[in-house]
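Okay, so chain A shows up in both of these, paired with chain B first and chain C after.
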Partner chain A sequence: MPPIPLEEFLSLLPEGFLLTAGMLLLIVSSIGKGVTSRTATVVTVLSLALTAVLLVWIGVESGARPILAGMFIVDGYAFFWKLLLILATGLTAIVSCRFVEEGGYRAGEFFSLLMLAATGMLLMASGFNLLSIWISLELMALSSYILAGYFKLETRSNEAAIKYFVLGALSSGILLYGISLVYGATGTVGLEGVASALPAAAQTKPTLIAIGWLLMAIGLFFKVAAVPFHIWTPDVYVGAPTPVTAFLAVCSKAASFAILVRIFFVALPGLRVDWQIVTAAVAALTMIWGNLAALTQKNVKRMLAYSSIAHAGYVLMGVLAFSEDGLWAVLFYMLAYSLITLGTFGTVVLLERKEYAGERYEDYAGLARRAPLLAAMMLLFMLALTGIPPTGGFFGKVYLFAAAVEAGWTWVAVIGVLMSAVSLYYYLGIVVQMYFKEADDDTPAPLAAPGLVVAIGFCALATLLLGVWPEPLVEFAKSSLLPIL
Partner chain B sequence: MDFLVAHGSSILFFLFALAAVIGALGVVTLRNPMFGAVSLLVTFLCVAVLFLLRHAEFVAIVQIFVYGGGIMVLFLFVIMLVDQHQLMESDKYGGHWWLAVLAALLLAAVFITAFLPVSFADPPVAPPAFSNVEGVARGNSEAIAWSLYRQYLLPFEIVSVFLLVAMIGAVVLGRKQ
Partner chain C sequence: MFDWIHNIPILSVVTYLPLVGALLILFMNKESGGSIRRFATLVAFVDFLISLPLWFEFERTGELFQFRESASWIPSIGVRYEFGIDGISLLLVLLTTLLGVISFLSSWSAIGEREKEYYIFMLLLQTGMLGVFMAMDFFLFYVFWEVMLVPMYFLIGIWGGPRKLYAAIKFFLYTLVGSVVMLLGVLALYFYNSSGLLGFEGLGNPRTFAILQFHEISALIPPSMQWWIFLAFFVGFAIKVPMFPFHTWLPDAHVEAPTAGSVILAGVLLKMGTYGFVRFSLPILPEGTRALLPWMVALSLIGIIYGALVAMAQKDMKKLVAYSSVSHLGFVMLGIFALNSAGLNGGILQMINHGLSTGALFLLVGVIYERRHTRMIADYGGLSSKMPLFATVFLIITMASIGLPTLNGFVGEFTILVGAFSRTWWWALVGAIGIVLGAAYMLWMFQRVFFGPLDNPDNEDLEDLNKRELLYLMPLVILCFWIGLYPKPFFAILEKPVDYIVRRVDADYAANVDVAAVTAPAEVSE
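Let's look at the complex of A and B:
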């Protein structure tokens, strides 16, 4: 094949810039005493902002074709996810600032790993070949394993990192094995190549194809933490430093959904009937088990872990609809979910002192008196996670349920609605503590981190805005769809 | 004799495949980690032969250099650094070995079902893609280099970033606080 034209590398500018910024921060932080957490946060947020500028500058062509030998595509779909991921990573960086500082761990490596993970996620969003998608996924995952174990003097952080690493490596192996079987049957790893070779291969090598795509689907369900492939989630989310938990629950999940949808819609439309049934079963199980397990949790982070599992189930509903309405509902919901979840974890981080306080329900007692504004924002996040208007969570769920019903998956939507009602119970547990319980000590909650408060405020405002005026985001999501056959 | 010549590569394949599987079994069952490492080496070398049988000479040599050489030495270093007596007395599977056997058998059943319908023909004589560069006959290494630095350039570069992250991780997690 001919050499890759130089101008095609221009499209890699945002990823290349973020990678360079991350490595520069790493080099600078290894000189002398390193950089402070605040400096590193500012550098990270500025780099991400510049990456977003570059992304917009490169823009999106309509009817984009894969470039770099079919490995990479700059389309509206990738553009939407990349903006979402950059925003979410930036908010994660702000949430991390004080946490890393108080933990007393080196800041430079933490934030450069955050940027390298973000590079992997951007590459995932644009990946158009099973190989480039897989290795980008691994780049993100490996950085996340290290971040989960970053507080290495905490036993729980070690446990989280080990469990995440072993089970993450296993799921990556399963995904890769599935890819290799599909490659063996179709002779290609390009998404469109697989799609066009699939009908013939399904005739001659039906078992190879069936086991191949099933293993791929299992690997992807692992990454988005869907039941029954969720076992790693609660322990990892509880043990990891809280900002990292937020990063896993939002960024890692969003990037994994980006590739799951891309692979299912572009490479496997020929097996639509099969994967829709499997996805429907997984979505139903995920919504049921995620919500029921969250009911019994005593630890707020563990509850939020199960809640994030449940939300993956809602999003899967939009995937299995296999329609344009389902697709933009997925995009809308993931953005709303990201903002709400980051706001929630931001509040948890704010309440945490040096130890892991802020994890028990009792830590929220009397918050309405100690910090009325913070309590009000937390109330908003809890309502949004349940899906009550006027919040972005409400419209997100409505769009997903509507898409599922329209595509004929009414029974899945019914389970979703019922389970949303169940989720009200455990989300309101925190609200009850905040507004109707007395605190042991009535000292005002420390709001010593202005950046963090601003970030939480931004998430709250955006959640509210999406709840009263969702049209602009809906229009943006609609303009970012994958072409559906 | 004619049979041996006609089906030589198939016979070699099954011999070395069997040896590779036995080596892999040794890795998970042998109690002494040093013996485990040596069985792993057996598996690595047998897999290298399997690559050779499919005319992937470059990958076969890399398999021996990188896995049989570099990675093996790394394993041996790690084994030397840990307390072997403690390892040998602890229960490898925490009393759940039957669960491991069950899972392995289940997985084996799945893979056998996957590959059973695929015909077991003798491997083809050197496939052209392994030694052809744009229609010109070249060596296997050159053919691989062409596809690695042309078609698979992007994943190749991402792998280098991936290795960098692995190095950062080893330093970050291994350093004294």
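Let's look at the complex of A and C:
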């Protein structure tokens, strides 16, 4: 094997930097009293910003470039996801600041775990080999398990962490087992190698291939929380500290979609017909069950958990189209969804208190009077999640539906549009409280957290901007596609 | 005199002026309700004034679509920002801006709380509705169509009656379900025009949502596909109209909405559905239209009779007017689906007529409700002695609504019947029965409210119409007489677009009859 040139390591500089920053923060915070939540937030946001700068500085050369003997790849597709993940992690850090402070736990560890998880995600976006993808996934997952249980004195948080760990480990195991079977059949774990060995292997070892890719798909569906592999989601989302819930619903889901699409599109195009059918069924089930279950929830966080399941269903619609239009729709939608969801969870955090306050629908009563701007932004997020113009959520959904119709999956699109009409009902549940009901004495007042309000405002503005002028993001997404074979 | 409107993007100005007004109100102090309502009304009034020159400058014999604006919006999927109006849009735009001012004026005394939000939502609603009638890009149309739901939802939900929450969510959900299904139809058209879908080979044209392009390819769309797309559009538009059996949201929404909301709902929002049929379903899907014609007409006729019968049974005035809308809109649909020039002319004119007379009826019910806080017919009686002016206006509007000659309703209904008759005689017969029923429930209500002894002591001190109320009712009364006595200018402005649609949807008919000459019924009624 020829020696690996230094530039190839340089290509992973952003990830390396973020990893170092996370470790340093961990070390510094374990000395003496550690760092305050604010300091840690500032350090995290700055580190992420610098990572983004490095990422842009390295840039994307024309065409994709596998590095480190094909373990990773530097391409536009990874670039898009990385920017998305950095942005979303940065916003999560800002959302977390006040929350961690109130919780009274050591702040440094929380934020260093956030950065380590983010490192794993960035590597996932670049992963070009089933094993490097799996290891990156584990870096993200292990950090996330701890984050979910970060409020260690709260039973709910513990419960969330244990459930998340057990089911997450199970799904990782399934994924790994699938990978091993595919390796057994094809003799390689490189994505391109798998793709080229697949036709022959499908002839000689059809059963092995079939079980292998199905197990891989199940593992991935677990990670993006698609029905029927979603059972872990509601409990984990409700029990985890709210900023961590946001992190799981946005960043973890986005990174999982990045590898799901990469594996399906690059490694398994030969099995396209099979995985399209399976994905169609999963997408339909996810949209139906996610939305119907969300209808009946009394707890806002739980409702948002089911809603995030439903949204995974919409995104899967773009995946199963297996077309350029479908792919950039997925990219567009995930970015819009990330901003909207982070804004929503940010608002939840503002209202959150001990003892479940801020998680009941009634806690939003009269918000339009008490905090008109906050209520207006929350209204915008709810409309965006439903897919009402002029919001980024509307265009995202239209693009996904269009891709599904174009690819001939009209029945999935029909389910999608009907279910997004259903979703209006539970999203409006919050709007009804904010605008039509009056607050009583128990209703929590929003926290005074200027940084957080600015972050929510940023999400709101971006949501609105994407709804009025989506073109730049569409162009960016279109320049970040994978080759469709 | 109005040349200047050719030099500015007049349609955009008319559409976005209310939006700008709403943004300005955001910065006003919410305690100063008086200045907010004056400012909002001023914005609506200025908007109306700016839209008026369109009537004078629109060339009746010129291009089909005029005052066109075109700009790139989302080139990656071929969406353009395209505005333009033909005669049909022109009338609906003017109706919208006029009813806008009127409903703002009527809100002054009716809305006492959260005025700032109220006027913001009202102005946003104006922008949404105007955009719907002007958009020439299907995608743009869809955006406005959906945007408009949000302010209406709030208007019903915050300032509505006792069951406002239920009515608001029902309205929103019904319309949203309809519009998302319609969106799939639009997408199918879009892909058929370009790359193809579902085994149909596409036409290979550049991707676009331009409505006129869809008109162009109407003959090339295979019948089976037309059928499906027609159904998808039907769900969207029929819920909005609303056609029987999709009408159940209407009584709830109309009854619970505040007066101004009901006026806008009945006057403008329902027209968006019929407008959709005229603008999209008929010219783009002629085969589909003809294939499903019997069903459409059947639903229209059922709507006419059913709406009238249910209206007759109502004890609540507002509910009665609401159900009368179901009946009247059935009439409009009957005219449209006569697919001939008389029917379409009548149907479109009746859209305007219904906006004027039903808008006025809701205003009148609002006037009496503000004084007595009841809408039950049984609570009234003998009002004509206490409120002579009110009774007179009410009578005129009642007559307009039931189609008495010299008033607008007659012209519209008569023309529709002519159109329906020349298709199939018994369609017209059922329609005529509907008119009789309409006269029955309206006159019966009028009689019970205004005649007889004034035996309810609560009605002793009722005050007659004040100046503001007269001010906003007068334009409607005048227009009712104008259209009733001299409808020619209205038919003249509709001639070209109707001719265009008839030729597209029913080429045989258009070939056999000189379409332009069939504005004859209009001459008769003059």
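As a convention for this text, the second predicted complex is superposed on the first by the 477 of 485 C-alpha atoms of A that agree within 3 Å, B and C clash if a C-alpha of one lies under 4 Å from a C-alpha of the other, contacts with A are read in each partner's own complex, and residues count from 1 in each chain.
Quick note on the criterion: a contact is a pair of C-beta atoms (placed from the backbone, for glycine too) under 8 Å apart; a residue touches a chain by one contact, two chains touch by 3 or more.
Keep in mind that this is a model prediction, so the values were computed, not measured.
Chemist: Is A:Ala255 touching the first partner chain B, the second partner chain C, both, or neither of them?
Modeler: Neither partner.
Chemist: With the two structures laid over each other on chain A, which partner does A:Ala455 touch: chain B (first), chain C (second), both, or neither?
Modeler: neither
Chemist: Looking at the overlay, does A:Glu138 come into contact with chain B only (first), chain C only (second), both, or neither?
Modeler: First partner only.
Chemist: If you stack the two complexes on chain A, which partner ends up touching A:Pro389: first (chain B), second (chain C), both, or neither?
Modeler: Once the two structures are laid over each other on A, A:Pro389 reaches chain C alone.
Chemist: Is A:Thr207 contacted by the first partner chain B, the second partner chain C, both or neither?
Modeler: first
Chemist: Between chain B and chain C, which one contacts more residues of chain A in the superposed model?
Modeler: Counted on chain A, the partner with more touching residues turns out to be B.
Chemist: In the overlaid three-chain picture, which partner chain does A:Thr119 touch, first (chain B) or second (chain C), both, or neither?
Modeler: After superposing on A, A:Thr119 lies in contact with chain B but is clear of chain C.
Chemist: Residues of chain A touching chain C in their complex?
Modeler: Its residues touching chain C are 368, 383, 386, 388-390, 394-395, 398-399, 401-402, 405-406, 408, 410, 413-414, 417-418, 420-421, 424-425, 428, 432, 435-436, 470-471, 474-475, 478.
Chemist: Going by the contact rule set out above, which residues of chain C touch chain A in the complex?
Modeler: It is residues 73-77, 117, 142-143, 146-147, 149-150, 153-154, 157-158, 164-165, 169, 172-173, 176-177, 180-181, 183-184, 187-188, 190-191, 195, 197-199 of chain C that touch chain A.
Chemist: For chain B, which residues are in contact with chain A within the complex?
Modeler: Interface residues on the chain B side: 110-111, 113-118, 150-155, 158-159, 161-162, 164-166, 168-169, 172-173, 177.
Chemist: Using the touch rule from the top, collect the residues of chain A that touch chain B in their complex.
Modeler: Residue positions touching the partner: 1-4, 19, 23, 26, 68-72, 105-106, 109, 112-113, 116, 119-120, 123, 129, 131-132, 135-136, 138-139, 142-143, 145-146, 149-150, 152-153, 161, 181, 205-208, 211-212.
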